[in-house]
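Paired with chain B in one complex and with chain C in the other, chain A is shared by the two complexes that follow.
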Partner chain A sequence: MEGPMVEVKDLSKQYGASPAVNRLSLQVPAGSLFGLLGPNGAGKSTTLKMLMGICRPTSGHANVLGMDAQTESLKIRRRVGFIPEDKSLYSDMIVRDFLKVYGSFYPDWSATKASELLDHWQIRAGQRIRTLSKGTRAKLMLIAVLSRNPELLLADEPTDGMDVETVEEILSLLLRWISNGDRSVILCTHRLDEVERVCDRIALINLGQTVLDGDLDEIRAAYKLIQASGTLPIAEIRKWPEVAEATMEGSFVSIRTCSHPEDVMKRLRAYSPVQFEIFDMNLREIYLCAVERQGGNSHDRIKTLV
Partner chain B sequence: MIALKLWYDSRSRFFIGVVVMIVIAFLVLWSFYAVNKSMSHSDAAPNAKIGLQTRSELLKVWSNYETIIDLTWYQGFGATSIAILAIILAMGGPLAQSHSVHLTLSLPIRRYCWPVAQAVLTIGLTVTMLIISTAVLLSVGALMGHTYPPGRAALNLLLCAVPTVAWVGLTLAVGSYVLDKARTALIVIPTKFISVFLFTLPVMRAWDIGRLGRPINMHPDYSWRTLLLLIVFAVGGVVLAVRRFERLDY
Partner chain C sequence: MFRIRPESGEPLYVQLIRQIKHAVTAGTLPMGTQMPTVRQLAADLVINPNTVARAYTDLCQEGVLECAQGRGTFVKLAPSILIESEKARRLQSLLDQLITEARLLAISDKQLLEQLKDSLRRYSQQSATKTEK
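== the complex of A and B ==
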């Protein structure tokens, strides 16, 4: 489709006095594996539920596949696959019945495809869902959703409870699934390593707000750690617009950039530093840096990001 | 699709309900034969008092198969049990399934369809339970040489089934607020039993929704009130459940 598959503008959701999502804005283009990242309670699940029309936003606007998430949620649900955070599914049913019930809601659902995936993951059709492990239930939900070929997949912690090998398999499956370019996935997770490997775009959210949003490679290129020593004007460096954070220990300066690290380097060279090195930052460091820059204190909450 | 989901949710309760009703049907037949036998072989004089009635009066009532079926099945255990089973059937559904509610609400179905379909399916399954168990009761009775007029059987069955609609509505309404099966049962089932005593109060007697199931006691003056209360409970309950389900933010 032309234009973004998902467009969210100033979306807010308030539960009582506390905001779950606070003026969130993001865009998901077609053919993208989009990582929605944040610690527990950041507002990721609430955002997905608002996109599916499961809960109503307090204010703001969300468009999914060109349709309004509030007024056209039925049409959206026909075309979008959703993997909920709670993978209990219909625990009293057996696998076969669950797939039969789920498939009956979608005319394009393929029982053959579901059967192939069940065989592939060695899930017995006669097994009761409540006896399955958390990881197997997540796989079963993925089987149900992918057997109907949705245009967009909203996956809330889809790899939760899975072993490393299965996680790799699921992520590869999702990458293959979007490879034709007209489907997208929003992968909602607190597992930064997964996102770093497979996502092309990300939105980092904290306390319901977007901390950082964009192409992952561009973000990685913008966020660098520069370490230098010498007589450097730390107070002035902190004022540079490209600098997110700068600390000094003796004559040793650590600078975290949030844009154009090459410009920072150029300006630093003018002060003839003794030692001078530039490092990549991992997503966790980028997240922390972006939250600090926004003025938020995330140290306790970030513990839930792995 | 929605019916399939609700059927899978309800079928175990339905099959258990059918078995329970058949057991009650056999108990009704057994009591008919046991009481008749014990009174026929009793040494007491015909005018001897047994409780408030004489032996001959009791024998007259208990030897009439149709009267006993009316009193013990259509107006007694059968009617009470079917109302309780209707409440138990109505307690399930997506409203009570907190763990899977996000999955259910992500399905391409309008929200109001869930409580409405739940009400329709519950009523349908309740009537089916009643038909199966009544058919078993009357067939076994016929095999033992006692017949019950089919027209009267069908009419009484209908009159026995109609009041359950009110309990289905009430259960859905309560269920949509408390969102939990056990708590719904704790509220609605005692209410059902309390209502039996409540409707015996002179001021409440005219509103007795169970009156429809007791055609021999039904006074024509009371029928519109009975029907009004029935509609208020049934339709009002479903409307409340729909409104609540539509407004809930999950």
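== the complex of A and C ==
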């Protein structure tokens, strides 16, 4: 489709007096594996529910596949796959029956696709769901949702509590699924290592607000750690717009940039520092830096992420 | 054959470019080898297909790979023809290390140059003797 698959503008959700989502804006293009990140309680699940039209926003607007999330929720639910936080399945059914019942709700259901995926993961159709491992149940959930042939998948912690191998298999399937360029996934997670690897775009949210969003490579290029020693004007450096954070120990200065690190390097050179190095930052470091910059008051909550 | 380390902070497409170049220059990927499709490599490495596509595009622009429309992506460079930028890049980090160490040991630039010249001379003598044998 032309234009973004998901467009969210100033979306808010108030539960009583406390905002769960606070003026959130984001865009998900086609062919993207979009990582929606944040600590527990950041507003990720609420956001997904609003996109599906399962829960009503207090204010703001969400557009999914060109449709209004509030008024066209039914049409959206037909074309969008959703893996909720609570992944309980009908445990007394056998796999084959479960897929048959599930598929009967959806006009675009592909039984061929479902059996292909069962074969791919060597899940026997005659097995009772209760006897499946947690990882296999997660895979079955994914098989059911993808066999509906949705255009967009919203996945809330699809790999939560899985072992390394299962995580790899699930992520690998999602990557294959988006790789023809016209489908997207919004992956909601607090696993930074996963996101860092498979996502091309991200939005970091904290306390219902966007802390950082955009193309992951561009974000990586903007956030760098520069270390230098010499006589450097730390107070002035802190005021530079490209600098997120600067600390000094003796004559040793560490600077974390949030844009144009090369400009910061250029300006620093004018002070002829003795030693001078630039380092990449991983997503965990970028996250902490971005939250700090936002005036992070929730350091303890952030730690649940890392 | 490629190993991606997301936690290093280095953009993944840069890591992939570096490793493909390394495999090409080392001869592990000989000229004419067909590269896996974007889709395949992304699924194998469990990384985003856009990351792989970006690496392939950059490598095609540099002339390391060749994207034949509809047929696939192939290695274009023979291992002997090291890419100039790659030669310089590989040497640079070693040179940086050498200079840092020298400064740390308070060896003057002049001393360093002398030592380097000595070493170069010794190396060429050694290879000369080898050829004689």
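The working rule: the second predicted complex is superposed on the first by the 297 of 306 C-alpha atoms of A that agree within 3 Å, B and C clash if a C-alpha of one lies under 4 Å from a C-alpha of the other, contacts with A are read in each partner's own complex, and residues count from 1 in each chain.
Throughout what follows, a contact is a pair of C-beta atoms (placed from the backbone, for glycine too) under 8 Å apart; a residue touches a chain by one contact, two chains touch by 3 or more.
Given the structure is predicted, the values throughout are model-derived calculations rather than measurements.
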Is A:Glu285 touching the first partner chain B, the second partner chain C, both, or neither of them?
-> second
A:Arg78 contacts which: chain B (first), chain C (second), both, neither?
-> first
Tell me which partner A:Tyr106 touches in the superposition: chain B (first), chain C (second), both or neither.
-> first
Please indicate which partner A:Leu207 is in contact with in the superposed arrangement: first for chain B, second for chain C, both, or neither.
-> neither
Which of chain B and chain C A:Leu175 touches, first, second, both or neither | second
Go through chain A and flag every residue that touches chain B in one model and chain C in the other.
-> none
Quick one: in the complex, what on chain B touches chain A?
-> 1, 4-5, 8-9, 12, 97, 99-100, 102-103, 105-110, 249-250
Partner chain B, residues of chain A touching it in the complex | 15, 49, 52-56, 74, 77-78, 82, 84-86, 88-93, 97, 100-102, 104-106, 141
Of all residues in chain C, those that touch chain A in their complex = 4, 6-13, 38-39, 42-44, 46-51, 54
Contact footprint of chain C on chain A as seen in their complex | 31-33, 168, 171-172, 175-176, 178-180, 193, 196-200, 216-217, 220-221, 279-285
